[in-house]
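Just below sit the structures, each encoded as C-alpha cells.
Note that subunit A is present in both complexes that follow, paired respectively with subunit B and with subunit C.
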Partner chain A sequence: MLLFDIVLPGLVLGGMYALIALGLTLQYGVARVMNLSYGESLVAAAFGAVSLYGGLGLSPLVALLLAVPLAAVLNWLLYRLLLERLMRRGKDSGAQEIDSILVTFGVLFVIQGIMLVAFGGQYYSYSYLSIPIVVLGSTLAVNRLIALTFVAVIGVAVYLALTRTRIGTAVRAIAVDANAARLVGIDVSALSGLAFACGGGLVAAGGVLVSMFLTFNASMGVIFTMKALVVVIMGGVGNVLGALFAGLMLGVVETAVARLVDPGLTLAATYALFLGVLLIRPTGLFGRAPS
Partner chain B sequence: MTNGASKALLWSAGLALVAALGTYPLYANGYYLAIGISILYFTILATAWAMFSGPTRYISLATVAFFGLGAYTAAVLGEAWPWPVVLLAAAALGALVAAITGLSTLRLSGIYFVIFSFGLAEFIRQLVIWYEVNVHKSVGRYLFSAVTQDIIYWQLLGLTILVFAAGWLLGRSRYGLALRAIGADETAASHSGINATRIKLAVFMLSAVFMSVTGAVMAPRWTYIDPSIAFNPMISFQVVIMALLGGAGSLFGPVLGVIPLVLLFEVLTATLPNHFSILLGATFVLIVMALPRGVIGLVDIRRRSAVTATRGAAPVRDGSGPLLAVDGVSKSFGGLCAVDQVSFDVARGQIVGIIGPNGSGKTTLLNMLSGALRPSSGTIRLGDTAINGLRPYQIARLGLARTFQLVRVLGDLTAAENVATAILFSSAPTASEPAAETIRQLLDLVGLSPIHDALAGELTYIDQKRLELARALAPKPRLVLLDEWLAGLNPSELETGIALIEKLRERGTTIIMVEHVMDAIRALCSHCIVMNAGSVIARGTPDEVLSDPKVVTAYLGGADA
Partner chain C sequence: MLLANRRTLLRIASVVALVLALGTLATAADAQDKIRIGYAISKTGPYAGGASITTLPNYQLWVKDVNAAGGIKLGDKRLPVEVVEYDDRSSSEEAVKAIERLANQDKVDFIFAPWGTGLNLAVGPTLNRLGYPHLAVTSVTDKAPELAKRWSNATFWLGTSAQISEALAELLGKLKSEGKIGGTIAMVSVADQFGIELSAAGREAFKKAGFTLVYDKTYPLGSQDIQPLLKDAMATNPDAFIAFSYPPDTIALTEQAQLLKFNPKIFYVGVGTAFPLYKGKFAANSDGVMGIGGWNADSSALKDYLARHKAATGQEPDRWASPITYASLQVLQQAIERVGKIDRAAIAAEIRSGTFDTIIGKVKLKDGLLQEVWCVGQWQNGEFYGLAPTSMAGAHAPVVPKPQWQ
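For the complex of A and B:
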C-alpha cells in the first residue's frame, strides 16, 4: 500500500534525522554554541565504528559503549579549552553566536582534515544486520529498526533527564536565560560544559548507529550538520520533543517527495519545508512565541 | 614635513597604487594574475557582504546563492546576449532574488537568519541541479568564451572600485547611519522614525547585486561549470571569515582579511595539499581566539561619521481640538485584557500623568500610542490623523516620540549620532539650521554636551536616560511619551530630572508621562489618569486623584484584603 510505503520508511528515515539532531539541541539550545563541526564529529564516530567492526570485529552496538564516553570527554575539552573563553568574552549573545560559529568552523576543518589524512576521500560502509523484514507490507532493514529504537529510547531518556531531574531543571534554566540562572546559584559554565559534552556523546551515538546502514566519506559532515540544524530549528531550539517531531516529519516529507514527485527534489523539498516553517513560525514548531 | 607635502605624498602613493593595480596584468604572469583575480573577487564579495552584515550584524551565508546565480546567468546567456546585457541581467536577477527573500526573511534575526541564508543557497542550488538534469539534460555546461584572464581582472578591478564607492557613499549618507542604528537597537531605531525593513531590504539588495555581478564576471574563468562549482558553500564561509578577520564594521576592513587569507590558502594548497584543511582550520581557530575585532580592530580607528545634515522637522500645523484623542482603546493578549476601553484627550502644552499599580496596563497603552502594539479595538488620533495600526516609524514621523521603561540607546553609536539619527529620519525636511547645531543644543538641554562623542553604551544610567530624552526631542515632536523616565534615579538625580521636564514644559512640549514617582506627578502634571487592571478608574488633578478612595484601594488594597 502506497501510504505505508511512504509513512514507514519515512518514519525510519525521520528517526535517523531526529537522532542526529538530538545532540545539537543540547549543544545549541543549552550551551548556546552553534557547533558547525557537529557533522564532522558524527562522521568521525562512524569511522570509529567502521574501524572497530573491520579491525577487531566489534559489533557497532559495542562500539557505542566506547564511542559515546570518548566523544563526551573530547567535546567537554573542546568546550573548556576554546568555547568557554569565547562565551565569557562575547558581550552579548549575538557576539557569542558569531564567535562560536567561527571557531567551530575552524574545528570542522581540523577534524575533516584529520579524517582525510587517515581514511582518504573514498566512501565507506559495512554490512551489519541488514536483514530485510516486512512490516505492514513494506520492506525495512533490521539495522534501521534498531536505530529507530535507539532514537526512541535516547529521546525519552533525554526528555526525562531534562524535565525530571534537578540537574535537568538547571540545564533548562540556562537554556532560557543564562544570566538569571547564574543569579539563582546555578553554575552556568560547568553545566553548559556538561550539556555540551552530553550533546557530543549523542552525536557519537548517532554516528555509530548511522554507520550501520549509510555509506559515508570524510567530507560528508556538512550534510549532517545542515540536516541536524534544519531539524533543531524547525522543532524549536532547545526543545527535545520538537526535534523528535520535526525529524520524523522531515523524513516522511522527503520520502513522499521522492516517491511521488521526483527523487532529485528531496533536498529542495527539505529546504522549502524548512524555509516555510521559519517564515510562518520563526521560533520553530514547538518554540515559544517571540516576546 | 609640511601638511601639503605629506598630502602630496599620500596622493602620489595612491596614484602609484592605482597605476600598479590597473597595469597588473601587463607584468604579472598567469599564476600571479590568478592570485590577483582571487584577491579582487573576494574583496568585492567580502566588502559587499560587510556592507549589509557589518552594521546590521545579520550573518548571511547566502553569498554564494547570489554569486552562483550570476555565474549561471553568464553561463546560460553568455553566448547569446551581448556581455553588458548579461551583466545587467545578472544584477537584475540578484536584486530580484534578494528582494523576494529579503522581504520575507529580514524579520528573522540571529541564528535563524544565518541558517535561513544557508538554506536559501542550498535550495537554489538544488533547484538549479534539478533544472539542469531534467530540462538541460546535463549537469555541467562548457563555457566557450574569448574572455581572457586580463579582461576578467580589469572587470573585477572596475567592480572593486564601484563597491568601495558605493560603500563610501552609503557610509556618508543618512542610510548608513540608519543601518548602524538598526544594528544597535532595531526597536529604538524604528521609534526614531527609521523604516527599518525598507532600509535593510535596500542594502541587502545592493550587496546582492554586487555578488551576482561578480559571479557573472567570474564565470568565464571556469571553462566548465556545474552547480557544485558555482554554488560551492565554501565561498560563503570564506567570505564571512575574510570579512570578520579584517573587520566587518568598516569599509576597508574586509580587504585586510581578504589579502592574507587568499595568500594563505594559496600557500597551503601548494605546499601541504594533504594537510590543507587541518592547517586552515587551526588558523581560523587561532584568528578567532586572538583577533576578536578583526585586523582593523588592532588599529582601533573609531571613525566618527561627520553628520552635517541639514534636516529638521518643521512643526506641523494642527487644526483645533486636542493634540491626542484616545477613544475606546483596548488590547487583549489571548484571554487577558491588558487595556480595556481607555479614552482620554491630551491638549497642546499639557503634561498628563498616567499612574497606577504595576501591571495595570500603562506601558501597554504607551506601546499602542507609539505603534509598538496594535490596538485590538478603538481609535487613536494625533492631531487630525488616526494613528492606530500605523507602524512605529510612521508614528514617529508624524511627531510622536518616546522613551522606554528599560532605557534603549543605540549603544554602538556616539551620543551625537543617537540624536542625529532621530533628526535625519524625522518628518518634513527643512533646510533651516545645520543639524550639528541642533544636536549641540539638544545635548546641552539635557546636560550632555561635554560628552557628545562618547559611545552611548558607555554612558552612565542617568546619562543614557538623558540621551534617550534628547533623542526623543530631536525630531521636534508634537508629543513625547516618557515611560517611567524618572525610575531608578537617586534623589539628587531625581531633582535634576524633574527640573529638566519642567524646562520642557516651559518650552511648550506636550508630554504624557507614566510614572511611579508621585512627587514628580504632583510637581509636573496638570492632569492625571489612574489605571487599574486595564481600565481608567480616576482622572483629574494629581491632588484630586491621589485622595480618591478608589485609587487608594487600587494601590494599597481594600479593607477586606
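For the complex of A and C:
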C-alpha cells in the first residue's frame, strides 16, 4: 500500500535525521555551544566504526560501546580546556554563541585535517546488516531500522533524564538562564560540560550508526552539520522531543515528495518546510516564545 | 602550567615557520637543475573524494616512477622532477588563485590539471593565458571539442557526455537486436551538470536506438535516501536501469537495489562503479553490474600499472580515469623529451599532434581530444572490463542478463 510505503521509509529516513541532530540539541540547545565541528565529529566516529569493522571485524553495534564513552570524554575535555573559558567570558548568550562558533570553526579544521591525514580523501563504505525486512508490505533495510530504534530509545531516554531527574532539571535551568541558575546554586560550568559531553556521545552514536548505510569521506562533515542544524532549529533549540519530531517529519515529507511529486524536489521540500515552520513558529515547533 | 604550555606552543610554531621559510628558500635556489611541476588538487571539500582516488595517486605514482628512472630527459641530461602541491579546497576561485601562484610565484615549469569537469573548466582560461599545457583528464563535457578549438594548450581525455551516452545506447541497441533485452529503460540522474548532460544525450540516443524511457527522473546532489526513486523505477519493470550518478549515490543505488531485489537485465550505475571501493563493498554482488568506464584488464601494461599503483599508493586505481590520468602524464613526458627544452607552446603542440606509447596503448589525440575512451564497463569475476565502444581493442562481451543478487 502506497501510504505505508511512504510513511515507513519516511520514518526510517527521518529517524536518521533525528539521530544526527540529537547530539546538537544537547550541545547547542543546552550547553549553548554552537558546535560547527559537529559534523566532523560525526564523520570521525564513522571512521572509527569503519576501522574497527575492517581491522578487527568488530560489529558497529559493539563499536558503539567503545565510541560513545570515548567521544563523551573527548568532548568533555574540549569543553573544559577550550570552551568553558569562552562561556565564562561571554557577557550574554549572543556573545557566547559567536565565540563558540569561531572556536569550533577552528576545531572543525583540526578534526578534518587529522582525518585527511589518517584516511585520505576517498570514500568509505562497508556493508553491515544490509538485509531486507518487510514491514507492512514495505521493504526496509535492517541497519536503517536499527538506527531508527536507537534514536527512539535514546531520544526518549534523554528526554526523561532532562525532565524527570534533578540533574536534568538543573541542566534545563542553565539552558533557560545561566546567570539565574548560578544564583540558585547550580554548578553551571560542570553541568554544561556534562551536557556537552553527553551531546558528544550522541554524535558518536549517530556517526557509528549512519556509517552502516551511508558512504562518506573526510570532507562530508558539513553536510551533517547543516542537516542537524535544520532539524534542531525546526524542532526548537534545546528540545529533544522537538528534534525527534522535526527529524521524522522531514523524513516523511521528503519521501512523500519523492514518491508523489518528483524526486528532484526533495531538497526544495526540506527547505520549504523549514521556512514554513520558522514563519509560523520562529522559535521552532516545540520552542518556547522568548520571555 | 597553561601559560607555560602556550609559550612552548608559540616557540614550536615559530620554529616550524622558520624551517618552512628556509625550505622554500632552499628550493628556489637550486631550481635550474630540476623540472618543477605544480598542481592544485582538491584535498578537502566535496571533490576530495574523486581527486584522491583518481588524480592525486597517479600524480604521485608518476613522479615516483619518473624520478626512479632518473628523471625527464632534457637534451643530454636527465632532470629529476620536483613537486609543488596546493589544496584548492574544491573551490574554483582557490584553484585559479593557486594556478596563478604556481606560475608567477613558484615559477613551476608545468602545471597539472585539477580534478573534475567544473574545476578544469574554471582554470582553463587561466592556463591558456599563462601558456601552460592543460591536460584536462577528468572532465566530461559536450563543450570539449569547442574548448579544444578555443584553447590550443588544452586537451581532453575522457570523451564527451554524448560519446558516453551514445556508446551505451549502441551497446543496448545491439543487445536488443540480438533479442537479449526488451525495449524499456528506466533512467535516473543526479541534478548537476554531469547528470544533466549525460541524461540529455542519453534521452536522444536511446530514442534513436528504439528504446522507450518508462521512467526518467533527476534527484538532488547529496540525497541521503534514494529508495523512493528506486521503488518507482522498479514499478515500471524496465529491461535496463541506467543511473548517471555520483559515487555515494552509486553505492546507495546498488545497495537498495539488492534490498528491494530489483534485478533488471541491465543494471548500469554512474561514477564510482569503477572504483576499487565498489568491488570491495559488494564483492560477488558486483558481478554483472555495468557502469561508466572500464579498462582492458588483460593488457600486460595495465596489469603492471595496477601492481605499481598498489605498491606506491597502497590502493588500487579506479578502472576509468586513473589509467588515462597516468597515460596523460606519460604523454607529457614524451612530449617534453621530444621538444628537448622547456618550450611550453611547442610541447602543447606536440601533445596534440604526436603519437605516444602509454600504458593504455598508442595514444594519438584528434583535435585535442582522446577518441578511444571506454564508456561502458562491466564487473566480471572481480575485474571491470571495458565493453563499449565495441570497436575498441580488448572489448569484452557483455554478460546479459545480469546474474541475480546474492
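We take it that the second predicted complex is superposed on the first by the 291 of 291 C-alpha atoms of A that agree within 3 Å, B and C clash if a C-alpha of one lies under 4 Å from a C-alpha of the other, contacts with A are read in each partner's own complex, and residues count from 1 in each chain.
Keep this in mind: a residue touches a chain if its C-beta (ideal position, glycine included) is under 8 Å from a C-beta of that chain, and two chains touch if they have at least 3 such contacts.
This is a predicted model, so every value here is computed, not measured.
Colleague: Which partner does A:Asn217 reach: the first (subunit B), the second (subunit C), both, or neither?
Modeller: A:Asn217: touches subunit C, not subunit B.
Colleague: In the superposed arrangement, does A:Leu116 touch subunit B (first), subunit C (second), both or neither?
Modeller: Touch status of A:Leu116: both partners.
Colleague: Tell me which partner A:Val43 touches in the superposition: subunit B (first), subunit C (second), both or neither.
Modeller: So A:Val43 meets neither subunit B nor subunit C here.
Colleague: Applying the touch criterion given at the start, work out whether A:Leu82 contacts subunit B, subunit C, both or neither, answering first, second, both or neither.
Modeller: Once the two structures are laid over each other on A, A:Leu82 reaches subunit B alone.
Colleague: Can A:Leu22 be said to touch subunit B (first), subunit C (second), both, or neither?
Modeller: neither
Colleague: Is A:Asp262 touching anything from subunit B or subunit C once the two structures are fitted on A? First, second, both or neither.
Modeller: both
Colleague: Using the touch definition from the top, say if A:Tyr126 reaches subunit B (first), subunit C (second), both or neither.
Modeller: After superposing on A, A:Tyr126 lies in contact with subunit C but is clear of subunit B.
Colleague: Please indicate which partner A:Gly106 is in contact with in the superposed arrangement: first for subunit B, second for subunit C, both, or neither.
Modeller: Touch partner of A:Gly106: subunit B, not subunit C.
Colleague: For A:Leu11, is the partner it touches subunit B (first), subunit C (second), both, or none of the two (neither)?
Modeller: Neither partner.
Colleague: For subunit A, give the residues common to its interface with subunit B and its interface with subunit C.
Modeller: Correct list for subunit A: 112, 116, 262, 264, 267-268.
Colleague: Taking the complex as given, what residues does subunit B use to touch subunit A?
Modeller: Checking each residue of subunit B against subunit A gives 57, 59, 104-105, 107-108, 110-112, 114-116, 118-120, 122-123, 126-127, 129-130, 133-134, 233, 237, 240-241, 244, 274-289, 292.
Colleague: For the complex, give me every residue of subunit C touching subunit A.
Modeller: 42-46, 48-49, 51-53, 56, 90, 188, 191, 217-220, 222-229, 231-232, 247-248, 251-252, 255-256, 258-261, 272, 275, 277, 281-282, 315
Colleague: In the complex, go through subunit A and note every residue touching subunit B.
Modeller: 28, 34, 82, 85-86, 89, 93-94, 97-99, 101-103, 105-114, 116-117, 222, 226, 229-230, 233, 237, 262, 264-265, 267-268, 271-272, 274-275, 278-279, 282
Colleague: For subunit A, which residues are in contact with subunit C within the complex?
Modeller: Listed in rising order, the residues are 5-6, 9, 13, 16, 112, 116, 120-127, 130-132, 139-141, 213-219, 223, 227, 251, 254-255, 258-259, 262-264, 266-268.
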